[in-house]
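The following block contains the structure, expressed as structure tokens.
By letter and in written order, the chains are A, B, C and D; residue numbering begins at 1 in each of them.
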Amino acid sequence: MIVVMKSSASARETGAVLQQIESLGFKPHISSGEERTVIGIIGSDRKVEPAAFDGLAGVERVIPILKPYKLASREFKQEDTVVEVRGRRIGGRQVTVMAGPCAVEDRAQVREAAKRVKAAGATILRGGAFKPRTSPYAFQGLGKPGLEILREAADENDMAVVTEVLSVQDIPAVMEYADILQIGARNMQNFNLLEEVGKAGKPVLLKRGMMSTIEELLLSAEYILSKGNYNVILCERGIRTFEKYTRNTYDISCVPVVKKLSHLPIVCDPSHAAGDRDLVGPLAKAAIAAGADGLIIEVHPKPEVAKCDGAQSLHPDQFDTLMKEVSAIARCVGRSI
Amino acid sequence: MIVVMKSSASARETGAVLQQIESLGFKPHISSGEERTVIGIIGSDRKVEPAAFDGLAGVERVIPILKPYKLASREFKQEDTVVEVRGRRIGGRQVTVMAGPCAVEDRAQVREAAKRVKAAGATILRGGAFKPRTSPYAFQGLGKPGLEILREAADENDMAVVTEVLSVQDIPAVMEYADILQIGARNMQNFNLLEEVGKAGKPVLLKRGMMSTIEELLLSAEYILSKGNYNVILCERGIRTFEKYTRNTYDISCVPVVKKLSHLPIVCDPSHAAGDRDLVGPLAKAAIAAGADGLIIEVHPKPEVAKCDGAQSLHPDQFDTLMKEVSAIARCVGRSI
Amino acid sequence: MIVVMKSSASARETGAVLQQIESLGFKPHISSGEERTVIGIIGSDRKVEPAAFDGLAGVERVIPILKPYKLASREFKQEDTVVEVRGRRIGGRQVTVMAGPCAVEDRAQVREAAKRVKAAGATILRGGAFKPRTSPYAFQGLGKPGLEILREAADENDMAVVTEVLSVQDIPAVMEYADILQIGARNMQNFNLLEEVGKAGKPVLLKRGMMSTIEELLLSAEYILSKGNYNVILCERGIRTFEKYTRNTYDISCVPVVKKLSHLPIVCDPSHAAGDRDLVGPLAKAAIAAGADGLIIEVHPKPEVAKCDGAQSLHPDQFDTLMKEVSAIARCVGRSI
Amino acid sequence: MIVVMKSSASARETGAVLQQIESLGFKPHISSGEERTVIGIIGSDRKVEPAAFDGLAGVERVIPILKPYKLASREFKQEDTVVEVRGRRIGGRQVTVMAGPCAVEDRAQVREAAKRVKAAGATILRGGAFKPRTSPYAFQGLGKPGLEILREAADENDMAVVTEVLSVQDIPAVMEYADILQIGARNMQNFNLLEEVGKAGKPVLLKRGMMSTIEELLLSAEYILSKGNYNVILCERGIRTFEKYTRNTYDISCVPVVKKLSHLPIVCDPSHAAGDRDLVGPLAKAAIAAGADGLIIEVHPKPEVAKCDGAQSLHPDQFDTLMKEVSAIARCVGRSI
């Protein structure tokens, strides 16, 4: 059960609701967003009567939600969430394409990538400055200088920046340079990091863990939402299975399932799923046909010398072609890039 | 290594090639198709010199193929295979839709289903007369009377029939009534059955096992091809993973991977993958966007009373809508239904 | 619900029970074993009152079983099933070891293997004459001559024979030479083959499919039991997962889960699970510690020249050592080899 | 390649080695432990000649290691690592049992649990004060007061404490009260946290991620080792698969595989793998039979009222019985509790 307070509700009115919840033997969970406060009633949902809040001032709605995630659910919000980033909209009728290199290597590489993907129609520049690497001996990213390079290249091309934040201590630096904070697959259940990006306030791109269920993805989003940050974009990037030909198994069903269960936008990352640039095009088109709100794609000016993930990075020319094909599919399903 | 004989090659010429292979210390594997004979050289591929067959009469080509599947590989045949069934083509520019109920229940059900799916654009009628059931106590299908009902409904609507053959002893009956013999996921590695449908000669729809790799799917196709039957249509229908929301995880990557590795056509079955009719539309569109050659979809006149798989069967009205959407996507990728 | 008839029940008494089931609106499923007839009531279990059979002659017991498998369940039979093979017992206090080469290659190999594994304490000789191979070009086994070699080597060493039957047409040959018919992992859901080995009557070793749940394993056993053959031995041999170091993931939990749900004996096959002989010992000991009723282990006189699975086959000397260790573990858990 | 410096090596000698590595075109990676410094040579291992370091003072050994993990590998250290905690040894001939409740709920619960598990033979008390929960609304643990309760109960019973650290900011508090810092499965690839517990210096219990390969587990250990902390205990606790009966699939093969590849001790957690107390005993015995160095088991004075994981927690009486059985198995494999 969720109690949504009016945006005009006073602290005293909110306090009365909290008291009422506790007097009924439950625990309140407060999410204070910019516009309004939402109070979850924790405990056994089934036993609370919405009528118990009827007489209380400042209460806008009481919504019974049986799903384990509350604020992320369609029951809580019927209409699709549209996330605004530097005047661009992610979700709704829009199909958004984020593109750029896996890792920021140097200024020339990122500028070239940004120029080319922007020209092709991408509006958000991606690139890793802090890289999560399985081995401590692999290239770990340029760190803060990488963030500066990203910001500069994005500004030159009027793009927004999405980049991964790996730990709580890096949040301030990433907040300074990026427009969207990415939580990588390996950190999808790093709950402390989720809470902190929830508090930080900028939009969050939350990648599904390689072995996480869709329900767990929505519960991880709930960690961010419950800190008052409603601008969460989900991302399907492949799950682990026995199949060895692809790097991960691209779970395209995640798109319509998320659309059914949640109001949050969802984008797909065919590059990390496939691990092979020959597959990126078909998988990108499939995502849009299935209803995804966008794509995040690795493009490198010279994939053959990339410091990471070269095999799955598109050449800029290939990306040009893909954008035309994806636009056509988008129109087919009533949307536009 | 594969030695392709000319269609005009005599038995003596073929014999000389076999002798040469054995004298080199290898084992020949003969596939006699309707048009020509192909001889695989079994053993360590790397050591045979194609030149060893230069002087032999009747030899058309010698092709080195390192993949474990030979006849199913792109190396063996560059151009896409197009399977012809009753004047219809599966593969090439064509997108083919197979539709109908999960199980044949009675004449009225199948006639109604056939009429509706044909009107919407499907050309091949699907339906199970022999049902593979996890439990010995579940409905096992009508058997031969079910085949008669399918044939009759297909004939009334000028459609072809695809239906599953569960065991070698059922092949003659299915050959009599069906145009395409389906091998179900649970039988993908029933090698004896594969060999027998290879010999039977009619086109085969080979479903990927729920825990089979793409390479294993191609090797199972190879069992059929190596008996001289080149009319094999592959089918992706979902694999088993930890994700519980969907019945199986629809491995859309299988489509571009198969297109890269093999010349055989591939269709997708979103119904069995999803297990939920709300997901069938998005997954069907994704398949065509990713390059699939067709779809196989469960449609039931009254899904709510279906004897099996009702939850994933489309209402005929839903199928009408889906066909329009799928046609639009097909045009987008340069194909037509 | 299951109605167990007395062993003395007449055909007329059985007929009356069938009539009663149908008059209640259900479908009876008859399993006629050597000793008694058991009648399953198919349909919604919950609605039948056991009292409905109170007055009927020949009825021994009426057992409500909600699980989808009936005859395989602990509810149907409380005490552990002990399968007797040539005077040896599989199940109960006994720990049984089956050992031998992956494939029968020639007489000398099998005789040497049999002599060595018998001396070390194995009582059942394993070896494949019909081999299920992923590729049509791989060694497919010696067929019937292989069966003769197995029988001869077993007889010389007073052992029983377990060997795989790949298709219905091979059942008569395997029945002639073997004591236990093995159903391989790829055929666990080849329902036609399950029914036919159910009718054939000899004990069956049923391997769990690489993609199959424990519940599905028990349902496949049910196919055999429901044909009146109660001598089924289950076998865990590893399932498919994302982990690549081992060939399959040895699901040791299958042992205590099967013991909880079913009365059937279960053995483990660490060789196929591991794919690496260094792991076979630890996994074999783990199986017995977890409560398994036996082991099936690949032993080859010269693993380095084995035609298949050499890397996972033990040298006879290694098997000697393993048997001593396994015997000690068996005593620890109150059992003996 | 790894260069191991003598314990007496001076900073100048170490500097000369670093210079030599760089002059050869590689990047050095320094791990300064308490006793000695180890320098990894990062880049393409194959090209460095060990002889390049022959003349340099202070160099003890040069070891070529091709595996991606270096310090965690058997090549780096032949003999088993034994971790010492308050005078107890984990690894070697010893089998160590860690036991206690899933979550610290209150003082009485933990004291009772500690008294009982110590009496039965456990030497390390487990219990969660900071709980990683899939849902933000689930009980998140008592935090620091929970740590105090754990320490007190452990001291009363002369036990060591192992407890989970969820985030970098909690490290100081956990360092104050615990003897072993546990990294949970969801944080196995939280690389920042790994590095920080590496620097913190106390022994670390590193749980395998539900989605992680054994190689990735060793690479995560490498993150800790490469910060100079060699006291890492690995833990198998089940991986995600399609099987639904158990909460996770207990990958018992992880034990002998780790023993083959690494010198680090490994313990097993049958409670979290099984999710069902009836399975804990068989799985615990299997672990010791397979060569595990210990167990971590959930025991709750009253499992039926546990705040989390009650279904998988043993009653103290069940734990008494289990310890006797486990001790017998340990003796069988030449070890003792």
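Some notes on this structure:
Everything that follows uses one rule, which is that a contact is a pair of C-beta atoms (placed from the backbone, for glycine too) under 8 Å apart; a residue touches a chain by one contact, two chains touch by 3 or more.
Since the model is a prediction, treat every value here as computed from it, not as a measurement.
Each chain gets a centre from the mean of its Cα atoms; the one farthest from the centre of chain B is D. In terms of C-beta pairs in contact, the better-connected of the chain pairs B-D and A-D is A-D.
The pairing of chain A with chain B is characterised as same-residue: of all residue numbers used at this interface, over half are used by both copies. Chain geometry summary: the mean Cα position of chain A and that of chain D are 32 Å apart.
With centres defined as mean CA coordinates, chain B is found 38 Å away from chain A. The distance from the centre of chain B to the centre of chain D, each centre being the mean of the chain's C-alpha atoms, comes to 49 Å.
Annotation for chain A: residues 211, 240-242, 244 touch two or more other chains.
Only residues 29, 40, 42, 68-70, 132-137, 166-169, 186-187, 189-193, 195, 209-212, 216, 219-220, 222-223, 226, 240 of chain B touch chain C when the two sit together in their complex. Residues of chain A that touch chain B in their complex: 211, 213-215, 239, 241-246, 249-253, 255-257, 259-260, 273-274, 278-279, 281-283, 285-291, 325, 328-329, 332-333. Across the complex, chain B meets chain D through its residues 211, 240-242, 244.
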